[in-house]
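Two complexes come next, and they have one chain in common, chain A, joined by chain B in the first and chain C in the second.
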Partner chain A sequence: MLWVDKYRPKTLDKMIVHDDIAQHLKKLVTEQDCPHLLFYGPSGSGKKTLIMAVLRQMYGASAEKVKIENKTWKVDAGSRTLDLELTTLSSTNHVEINPSEAGFQDRYVVQEIIKEMAKNRPIDAKGKKGYKVLVLNEVDKLSREAQHSLRRTMEKYSASCRLILCCNSSSKVTEAVRSRCLNVRINAPTEEQIVKVLEFIGKKENLQLPPGFAARIAVQSNRSLRRAVLLFETCRVQQYPFTSIQAIPPMDWEQYVSEIASDIMQEQSPKRLFMVRGKLYELLINCIPPEIILKRLLSELLKKLDAELKHEVCHWAAYYEHRMRLGQKAIFHIEAFVAKFMSIYKAFLIATFG
Partner chain B sequence: MGKRNVIVLSSSEEDENGGGGDGSSNSGNGVRSRSTNRISSRLNPGPSVTTSKPKKRARRRISESNSHPDSWNVELGSFDALCEDFYDGFQEFRKVAGSGPKDKSELWVDKYRPQSLLELAVHKKKVEEVNMWLKERLIDSKDKLHKHALVITGQAGVGKSATIHVIASHLGASLCEWKTPTPTLWQEHMHNLSSGVHYMSKLDEFENFVERIRKYPLLPFNTIGKSMKPSMLLIDDLPLINGKQALGRLRKCLYTLVGSVQIPTIILITECARVDSSKNSARDWEDLLSSLVNAGACKMSFNPITTNSVKKTLSKICKEERCSVTVEQIDQIARVSGGDIRHAITSLQYFCLTPSQLLSFNTIHSNDKADEFRTSDDGFALSFGRDETLSLFHALGKFLHNKRETVNIAGFGQDLLLLKEKFARLPVKMDAPEKVLYQANVQASPVADFLHENVLDFLSDEAVDDAWTVASYLCDADNLATFHGSLWSRTTNNQEVDSISHLAAASVAVRGVLFGNSHPTQSRWHAIRSPKLWQAEQLLRRNKNEMVRQRNEAYRELISSNISVMATEYKPMLRWLGSRAVEAPLVYMEGLQDCQIDKDTFDDTKMDDVDDDIEDW
Partner chain C sequence: MAPLIQSTQPWVEKYRPRQVKDVAHQDEVIRVLTNTLETTSCPHMLFYGPPGTGKTTTALAICHQLFGPELYKSRVLELNASDDRGINVVRTKIKDFAAVAVGTRGRQGGYPCPPYKIIILDEADSMTEDAQNALRRTMETYSKVTRFIFICNYISRIIEPLASRCAKFRFKPLSDDIMTNRILHICTEEGLNLDPEALATLSSISQGDLRRAITYLQSAARLFGSTISDKELISVSGVIPQAVVQALFAACKSGDFDLANKEVNNVIAEGYPVSQMFLQLMEVIVEANDITDEQKARICSKLGEADKCLIDGADEYLQLLDVASNTMRALCNMPQEFSYT
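Showing the complex of A and B:
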């Protein structure tokens, strides 16, 4: 088992990071009926861990007995019946799904599947009607229509069902949904917090941590706790006992992006653009989301860039990121950004060095 | 004689002018009016000495028109008696009227059907090739040649059937044709059902026919009284196939036919879909063709007829018809025909017909209409000509090579809006991009994909700015094509909106490429690649599924994380942990090498899916 999972805190009390939020949530769940919840925050900050802990707090250990199912849902969409296949993760009291996996048919998922689940109310041992919890991941990736139908579902079945929504950015969730939920912002852990977690794990694993080593991992991890723990484990496999100068292996795709960035800086020509395109394809094929590629590429480029140009380059990156979300073919937009960068950078070089 | 001519001409004139008003109410009906002609010529017993030869020719003609799928008189058997009558009269009429200068009662295509080898417009070598092949089989069939099938391919109207017919008559062989059954309409089908006739698919009928041909060799019908004539079999019109299963049946059927047939058999395949290589039908035909060749059939392909020989034929017809068509006009007709002689002749007839016809009509009217004719005469090129179709690659070539005039001659629009230096472009040397797109008959998104894949090769090495301009226009095109989904998906007629936004997207993509590429490279040969984007998308989908599967099966503990986290964080780590010895980025290369193999299998499976759907319907 990976350390990430092994040392994931199971209960709200054991939280090392965000312990204040955990205590609040505990109070909320134990003392009164809990409202719909919306967790948002950057990836690797502990949203999922918190959600699982909340579920455990609600239902006890039974929440951890989950089974994975690949269910096919028949949805009656007006003139035809759609078959939607979706992976669900469920225990007796909660169901977790990732509706955006259904792609552009996500609104049916929200409308029909959630409705159906919400209707089947569990009855607990005392004959009292309890409520089910639905965990929806990546709500920010839902289409606008789906989010609208989500709003309706929330209102209609609020008696029998609680929704826990989870997303990276609350700005992509509609106002209507946000206002119906208790919004819980989960910050990215600070580097000190990450160091604390790493030291905790190190103690559990009986590892000798040289001074400053955990801090270096924390810096490299980009304030993502998940990544920090993964890096930590990688280092452990790579070399133990640790040395203070031990290199921390970077993510291969990030390395690849920085290669692309240096390619771009080296030469600005259509030929080079074509080469870059090939590399971008390779990243895309490996399921690296285009937004992340663009973001990473921008930060790599900014590292090497004259301050004068940074503003303009950022502007274009934002512009093409937006366009990418409107369009379908991500490669067109990333490539357009690269081309624009090349064009700007070349003009700059000519202006400065003649 | 002269008098008779007058009578006939007036009656034919009448029915072409839409029944001039001599009281015969249904003179618009072709059969009826022609039988009037017959009667009028039968009044004079003189020329009705009909020999059997023209009759036979007429028969053949009708069998030829049978081979055309939408001909109106297909069921020869049931109309036999009527037809005989009709053709008797028609033949006489033809003899009489044909002597006059203006016989408009017949299509020139039929009238000037080549009767001898010399008249054929097909290239002499090709004709000779076919001739030799047939001769070998027909005349010196003593030595048992086991290859008795010939496949002839070519565009429509390049004289495939004509060549076979002429050669057959030249060699004195009798030609048996597969007579395509009439397509059944739904109403007919209902009618037939009530009368107990069951529907039989045309493919079934064809299979039966082939079966019969194989089992029972052709009976020499004409042994009585005549010397035994060698016979040959012509399959002009293969049944329409739809879907993989039907293709398989047809292929199998033809395969056995080719393998076992004892008399020379000629199969004609019209390459109608060749230009549009993206359609599956073209692929199907190629498939069929190659399987025929594998079965041992000899393959010949007819090229489009050269402009010169079309011109020669046209001027010969003009001379015979005594119509005044200038050399330039003939030249133009020949050029726009695209090597389709049937079309060229029909165009010529139409062209010769209209002015004189209408002029005679106009004598009553004032001469201002005559002016109109002069003008329409000038612009005659517009009134006919095949709509050109372009292959996708041809169109892409036009866009990518971006040929422009060297000087701005026309200067159109210059006075209307003055463009800044950097926005001005020389006029392009082609039709409007939208027109080219229309001719190539492609969708917006493949066009954008192809342009995106290939355009960088055509930019000069220095022009990064151009690259950006092009890329930004392609982005716009992508966004336009996706536009409908978010905004108007609920509107009722989103089909229409879709198509408009797609048209706009294609137009933006193409014009963007044309505009952006302001410093094209020296034109040299470039291979046009098919978009790598397609492979990438396919691989992406596969990898994603794979990842979901892995997540569900192997790493149960990872279940809570989504795909992007998997891809960006767990996967690299696991990869690293799994294969520390190997340099990590190599894994990417692996993925790409799979591409090539995958692409083919992907295509096949995709086709399968599509076909299955059709079958289910």
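Showing the complex of A and C:
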């Protein structure tokens, strides 16, 4: 079992990071009826961990017995019927789905599943909560229509089902949905908090941590706890006992991107552009999301540039990333950015050195 | 557990004024409508104004006062944006409802009960133009037995022929002291402790929108219990603490790109919504005294562009970085055009 899963806190009481939020949530769930919740924050900050803990608080240990199902829904969409396939993760009391998987038909998914859940309302008179919980991941990737139909469904079925929404950026969730939920912002853990968690794991695993080692992992992790724990485990596999000068390996793809960055800096020519294209394809084939590649590439380039060029480059990065969202094929836009950068950099070199 | 669920009626509904005269701060509107109540003659009406100023409340209140609970169901049709309001609905549902004649039975149980029905179209600015056009004739044909109340935020989105058929009422944003009164009233009813500082914060973050203020108050009360400080209100509302905005602004002013980049990274890691950041940054910039108008214009035009990009789904980090870099160039009087492009 990976440490990330092994040391994921199971209950609200055991939270090391965000313990204050956990306590508030606990009070909310135990004392009174719980409203719809919207969790937002950067990845690796602990949103899912909190959600699982909240579910456990609501339903006890049964919330952890989940099964994965590939369900097919027959949806009546006006004139024709659609078949939608979706992976669901469900226990007796909750269902978790990723509605954006359904692409542009996400609207029907949201409506159908909530309707179905509302029908199969658990009947239990012994003081057990009479509603189910539906966890929706990546709400920010839902289409506008889906979000609009979500708000109506939220009100209509609020007696029989509670929604827990989870997303990275709340600006992409419409105001109407946000105002119907209790918004909980989960910030990324600070480096000190990451160090604390790493030390906790180290103690449990009986590891000797040289001073400053955990801090270096924390810096490398970019304030993502998941990354930090993964890195920690990688280091453990590579070399133990730890030494204080042990190198912390960067992710493969990050190294690859920084190679691309230095390629671009070395030579600006169509030939080099062609070569870079191959490398970019390599990254895309390995399922690295294009916006992540572009962001990483930008940050690698920014490290090496003069201040006056930085403004220009970051503007074009934002420009091409926006175009990428509107367009279809990511490679065009990343390559356009690279070409743009080459032209800017070449012009700069000529202007400076003649 | 059914009883529990009932207890969580949103306070917005719980404390909605039931009578026209209780609606705060909209004196002209109230005067006209009280007159309507006495004479029972009622024109078509169009309520417009920013959200949370009492438009829907007023419309509902006047219907209740005119018809009373018994007749209300049969006399009032309420449609809002979440109902389907395509052209088909206008042609069938609204027309059918409008066409039904009503008896003139006069006063009943203390309510005037005038001989017409009322159709409330909430959020009318989200109706399509076709649907609005289809309404024109309907309004006139059935004007004997039906009155329309349109409610919208932007009057410019209502087509002119409709607007000219209605008496228009503008709803003003609520002033701070009226908002404070209302909030205090709710606090005493719900047994909440709110210090003056928190009260001031609440009215400033809700910007004249009473509904938003009440929603924030309820979320905070749910999450943090009965004693609420200004910090907790801010955390619930999703507003970014002023210190964070100021830090970014200062970083832009310093002219150091790496410092700004660090601040941007920090904002993203803390999970603050970037669209909110744009809004607050804009406020800071517009109010700043030491910036020339031209600089302000440069920054604001970029803010607008970036906001549009965000709506299109662009990455938050890159957009915020772009805005920060542009702000920095404007503040440090660097040329607007790039030199190497």
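By our rule, the second predicted complex is superposed on the first by the 348 of 354 C-alpha atoms of A that agree within 3 Å, B and C clash if a C-alpha of one lies under 4 Å from a C-alpha of the other, contacts with A are read in each partner's own complex, and residues count from 1 in each chain.
The rule we apply is simple: a contact is a pair of C-beta atoms (placed from the backbone, for glycine too) under 8 Å apart; a residue touches a chain by one contact, two chains touch by 3 or more.
Remember, predicted model here, so these are calculated numbers, not experimental data.
Annotation for the three-chain superposition on chain A: chain B and chain C fit side by side. Of the two partner chains, chain B is the only one touched by A:Q255; chain C is not. Measuring from the middle, so to speak, at the Cα centre of chain A, the directions to chain B and chain C differ by 90 degrees in steps of 10.
When the two complexes are overlaid on their common chain A, residue A:P42 makes contact with chain C while staying clear of chain B.
In the superposition on chain A, contact of A:L207 is made with neither chain B nor chain C.
With both structures placed on the common chain, the touch criterion links A:V219 to neither chain B nor chain C. By the touch criterion defined above, A:L326 reaches both chain B and chain C. By the touch criterion stated above, A:L302 is placed in contact with chain C alone, chain B being left untouched. In the superposition on chain A, A:L82 contacts neither chain B nor chain C. Contacts of A:Q238 after superposition on the shared chain: chain B is touched, whereas chain C is not. The least CA distance from chain B to chain C in the superposed model is 8 Å. Contacts of chain A with chain B, set against its contacts with chain C after fitting on chain A, overlap at residues 326, 340, 343. Contact residues on chain A toward chain C in their complex (touch as defined above): 24-25, 27-28, 32-33, 35, 40-42, 45, 127-131, 148, 151-152, 155, 159, 169-172, 178-179, 182-183, 185-188, 223, 291, 294-295, 298, 302, 307-312, 314-315, 317-319, 321-322, 325-326, 340, 343-345, 347-348, 351. Residues of chain A that touch chain B in their complex: 1-2, 5, 43-44, 48, 52, 66, 68, 70, 87, 89, 96, 98, 101, 104, 137-138, 143-144, 224, 226-227, 230-231, 233-234, 237-238, 249, 251-253, 255-256, 268-271, 273-274, 277-278, 281-289, 292, 320, 323, 326-329, 331-333, 335-336, 339-340, 342-343, 346. Within the complex formed with chain A, the residues of chain C that make contact are 1-2, 4-5, 7-8, 82, 212, 215, 219, 222-225, 235-238, 256-257, 261, 268-276, 306, 309-310, 312-319, 321-322, 325-326, 328-329, 334, 338-341.
Of all residues in chain B, only 448-449, 452, 456-457, 459-468, 470-472, 474-475, 478-479, 481-483, 485-486, 532-533, 536, 539-540, 543-544, 547-548, 552, 556-573, 575-577, 580, 584-585, 587-589, 591-592 touch chain A in the complex they form.
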